[in-house]
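Got a structure for you, written out below as structure tokens; questions coming shortly.
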């Protein structure tokens, strides 16, 4: 028995919304980053589910790419958060506001 | 004599050359530029006499010399193409005026040697250059063969007037007077220019004479019953005629634009004599005479001219009565006398008007130069109350001045009597039919009394009685350059009347009205520009009291009686060793007159009390409202800018929120439009 | 290629002067500027064109080549002169040379940049007048703004920054409006035109069917009318016409003298020139007709209101600036009259006003150099110390008042004559008479200013001796005065050429 | 016709050259990690970017990707994952030009900084990503290329590790970027769900065949999310929030690089995705609305927000950053004006604008780099009177500013005009009007900068300023190009129109 495609989409959308909620509410940079990972994974769920649904592998392959890229992104992100901490003594993303308006 | 007309342009060009020479090299010339001026005006005088002789031999000259501008413009009367040219028109009128102008100009140049050079004035090249430019412009105006050229030089003499009135620019009053003179005449010229433009646009020509003159065209249009610019031809001719008259009123200092002339006395007295008495002021009257055919087509205009003239004659004469400054008296007298000329022309007395113009030029130049001599004698004192007793100390000045005064007062047999009498006679015979003219005549007549009074008040105060100041006891001697012009003009003031002894002619039946014949084209003339031709155009009815002779006698008797009464009253009041002022006796009327009927006040109020605040209000409006809108737009933009950039709060979480909001908004809009939900 | 040479000399000259040492920049620039002046005079002498450049006239010195093809429209390099533009080109080159000469005294810092910009502006001004492709024209038209902005901004008076940016943004906004409108017009013409060459567009408008395509739901007739209005407004700012004039006094007052000379002398003429070239040449008379009375009314208001504003000023430069507004009103009146004398007189007046206002600004500048004030209220009796400069100032003032036998008179007279008898303009005599009242007010404010500033007892308190101006300050003014009188005495020098180019425009009016 | 027939993969030459240069820089640095030879590093980077530029120009001229008789035709690689046509080459040229300018300028700017090699190689890697974006023809390659461009950019922005501004900029850029790429990826997944394909051409076929009709909401949402991702890359509203801070805080050459090249790369994927994958009419049939509507709205809002926010900035770099947002709005007209019956004019105009923008905006930011190199400060007031000390650079700055404002006689005028005219022709009256109004406003703040350097008097006396060769060279080249593009705009128009015609 296969799960109908709608449920996958609903799942991914739910995940996406959770991620979005995290992005909007988390002030800790790391939490922010994790929320973004949730968003990416929501997309991955979609890709894989649709690949299954459409019967081609494109989506699955792409999901792999996406995961690799997410990892790279995290690497860069962590680097930036590190220097952020060095400069601002904090990882709160709302603290650096020297530039605005 | 035909060929001599080829030299006609030189009459005007001589002084122009003098102007250029003096302007460029005046400082280095002996007499600081007086000599080129004297030579040039002398040359002009000679040539003018030659022209007059040529006209006397039966020639006349009308030639276009230079095309200024031309183009296609269809006039309201259907004439295709228009060309604006410079040309010469030398007919009896112009020839006469040429002689008058060049003669007075020459004499004034000579007089200036004594009046300006001898007094050690600085800036003399400027003075002589101004005189040269003036003489050039005035002569060119006289010979102009079309209205536009006349306007051009009419304006240029105004410029010279400005420059020469303001000769002593380091004072406060002279520049102010110069400005006023130019502005007031400019106001008149505004109407004149509209008139020129209107005439050009209506008839496609601005020529004074010939078959394609605007006078002929206007006649044709009236006869043809044309509609011009929405008016019938007669009305339109009246309107344009009145517009041109605006310039005349300004330049000839007629009411209500007369206020500049008394102020213009701030200029050197020589300038007053030349420009503000004998010639430039005459330009207005001359212009009316020049285009008399046009005015003759419109009885309304003529009546207005006559009325304005009569009114001005009386009005100015009353003001002359109370003035203490010798030049002021003469200035108001000038205004008054030009009023007579206007009256004469307005009643169709073309010859009378021109005759008085000529006589006035001589005797008023004489009086001004005489006044100039007095001023030199008095070490530049102009107040008559500080003079007195000069009769014996300066006999030449006194007797020539007296001759001028007698002419001005209209005492028989001096020149002024003949011409003034003729004007009044012409006014009377028309006035018997036309009530308006009668009123004008009455005012003119009444003015005779005042003329006699102020003239002799001036003579008595200046020359008679005891010296009333130290300088009057120890007068400054004057040289030949002052005396000679006075003598020449004095003789002319006495004898010039011979030119047209109309009353004598009418009473005795002798044919001695030379000027009338001269102007009627018995010698040389241009067709249509003759007294007879004008007479045919005139629509005036005339009638007599009894017979013609009786009327002549009545008119002459009345004016003589009044002149003598005026002079007599002055003799009674002022011919004393120690005369006193009687102004107080006039009561509040005297105050009004002394203040010149508040004419200056209201005109100054118009300029400074009304126009200037209006201008300032406009400026404030401009700065606040109009510029405010411009600046406001920029302020509003920058305010908007300031709001918009506040979106960028600097907090990255807000950015994420805004991004999400943006996407949702887009989603809602697109989804709604696309029907996704 | 003569016109290209003219432009190239000025442009290269600008580049050369820009890098030259400050010490010699002024003299070098003057020497260079003589070349375009000479070329333009030669063009004037050798001019053999006839008719109107936009109306199938026989052009002089024209050249055209491919440039850019975008979509259905070609943009070409297209230049040439006719009887309207050539006098303005000569005016530009001569005025530039003289302006450079008159800058030697007042400009004492960053000279090479200053003179470089002057030459650059000259090139662009020439370009505006010779361009016959819309884009060539527009590029030069806009490029004028940059150097003028810098000239005002760098070498200007105390409020120069405000004035410069106001000038820059305001006139640029106006250009954008006009530009947009014109592009819309060309699109509206549809297939009738394939390039932005002005003669081609004019042909399509006048001889062709005009706008046939509805654009943005606006029907062709309305579109044409809207474009006419938008272009008029765009140019109205440049001219400037009341109520779009407020940038002008600020710009004029703050600009250094030579820039004022060019600003008043040539830049303002760009607006009227463009009005003539575009609004009154390209549009059939039935498009213009509904706007005739409003435009004439605006012209009259400009004349009178501008003059009234001038009356209220005490800064000599401001007086001359507002009087420019007033004078430009005459030009508009002449243009809208749509007669040979009206339009021809307006063109003549452009040249004439260029010379006279240039002269006035130079004279005021010379006095300012000596006294460091322009306030009428501060000065008194300047004629005492600077007789020659003041004499010229007075001559210029009388030129401004339209003294006969100076060029201003002929320009005004021709305009008045042309507009009085105009059958295109309803109530023409009334409008003319109303506008003519300007000649009284102009006399009023100029004489008032003269009386206070140059006459009377000398009592300016300065820490130094006020002396006569040097020859290189005086000489250019004499040249200008000479030209003013020459054109006043012999207007046919250029009027013949102008009317030759104006006639086809009038002929388009049909049996008006 | 070329005498030698190169193998097909060489069509990606420009991108490959950039990648090779990046690797070469790593290698050189690894040879002696302790010493840094700036000349060698900068030389390699410059050579590499110039070589890429040369190759791209050569290909473009030689007719690679051109469909005409004398062209080689469009070259498809890796089963159509990449495609090299005139469009791709055109944008590779832009990227390479900007890269070259930035690299040259960085020689002086980065003097004294650590991580030289890393800096250059990151720049070149990002450039590789951008060049690849130009050629990417599938949502997969597009996403990967996009990330390849983005990740080095994050690092580059925050490369001044001890500079709080730089770090803050990097953080914000990264966070917004991460969010955006997640949204983009999610959009891709939705489009994939609706059509079953990731390759652009295939997506289009599915939509045209009507097979996606059932997923109208899915597809619509997907397209919207794709727009979001693109908007991030092009710094368009509402994804522009990172730009002011990132440009302000980043080293100025990097700001130049991001605002010119990265933006151009963003636009090339936008152009390609929306023309190739979502044919207007067929897509509208599915989602019920023209996607151009979104771009119309975005264009207007973006240009307005950018220009208005720029008008009252005090910080020069920030003003340029907002101006860059405004220009993204202008370029968006290229998409907004597309229509079923063509649109190569409007898209071509946008492409021209991006090219000119590549010169003038890079030049402007490089001037800021120069100012930072001098250490004169960051605000308008700090710039006061620079024209007296450095006339050449300030003259160039004036050229950039006026060109950015779009007034003649500079290159910026043409592209802005063509945008305007094609917007009018496309019937976008409101967009055209917004363009005009914003141009008018932009003149104000651009001329403010000119005013500062040329007109204002310096607040304090300065000593003579140095004239760093690299920065000067880059600025002068950019300025000269900006001017030369006025008379020489004809070829640009032809190339851009041909490139646009390749996909429309």
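Going in written order, the chains are labelled A, B, C and D, and every chain counts its residues from 1.
Operating definition for what follows: contacts are C-beta pairs under 8 Å (C-beta built on N, C-alpha and C of every residue); 3 or more make two chains touch, one makes a residue touch a chain.
Note that the coordinates shown come from a computational prediction; the quantities given were computed from them, not determined experimentally.
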Pair joined by more contacting C-beta pairs (B-C or C-D): B-C
Chain closest to the middle, measuring from C-alpha centroids that were averaged per chain: C
Computed distance of Cα centres, subunit C from subunit B, in Å: 37
Distance from the mean Cα position of subunit D to that of subunit C, given in whole angstrom: 42
Separation of subunit A from subunit D, taking each centre as the mean of its C-alpha atoms, in whole Å: 26
Gap in Å, rounded to a whole number, between the CA centres of subunit B and subunit A: 97
Touching two or more other chains - residues of subunit A: 23, 93, 96-100
Per-residue multi-chain contacts in subunit D, two or more chains: 171-172, 175, 179, 183, 244-245, 444
Residues of subunit C touching at least two other chains: 169
All pairs of touching chains, each written as two labels joined by a dash: A-B, A-D, B-C, B-D, C-D
Residue numbers on subunit B that touch subunit A, as the complex places them: 645-646, 648-653, 656-657, 660
Parts of subunit B lying in touch with subunit D, wherever the complex brings them together: 634, 637-638, 640-642, 644-645, 647-648, 650, 652, 655-656, 658-659, 661-663, 666-667, 669-671, 673-677
Residue ranges of subunit A in contact with subunit D within the complex: 5, 9, 12, 16, 19, 23, 29, 32-33, 36, 39-40, 42-44, 46-47, 49-51, 53-54, 56, 58-59, 61-62, 65-66, 69, 72-73, 76-77, 79-81, 83-84, 86-88, 93, 96-100
Sites on subunit D touched by subunit C in the complex: 345, 349, 388, 391, 398, 402, 407-409, 413-414, 417-418, 420-422, 424-425, 427, 429, 432-433, 436, 439-440, 443-444, 447-448, 450-451, 454-456, 486-487, 489-490, 493-494, 497
Residues of subunit A defined as touching subunit B within the complex: 20, 23-25, 27, 93-94, 96-101
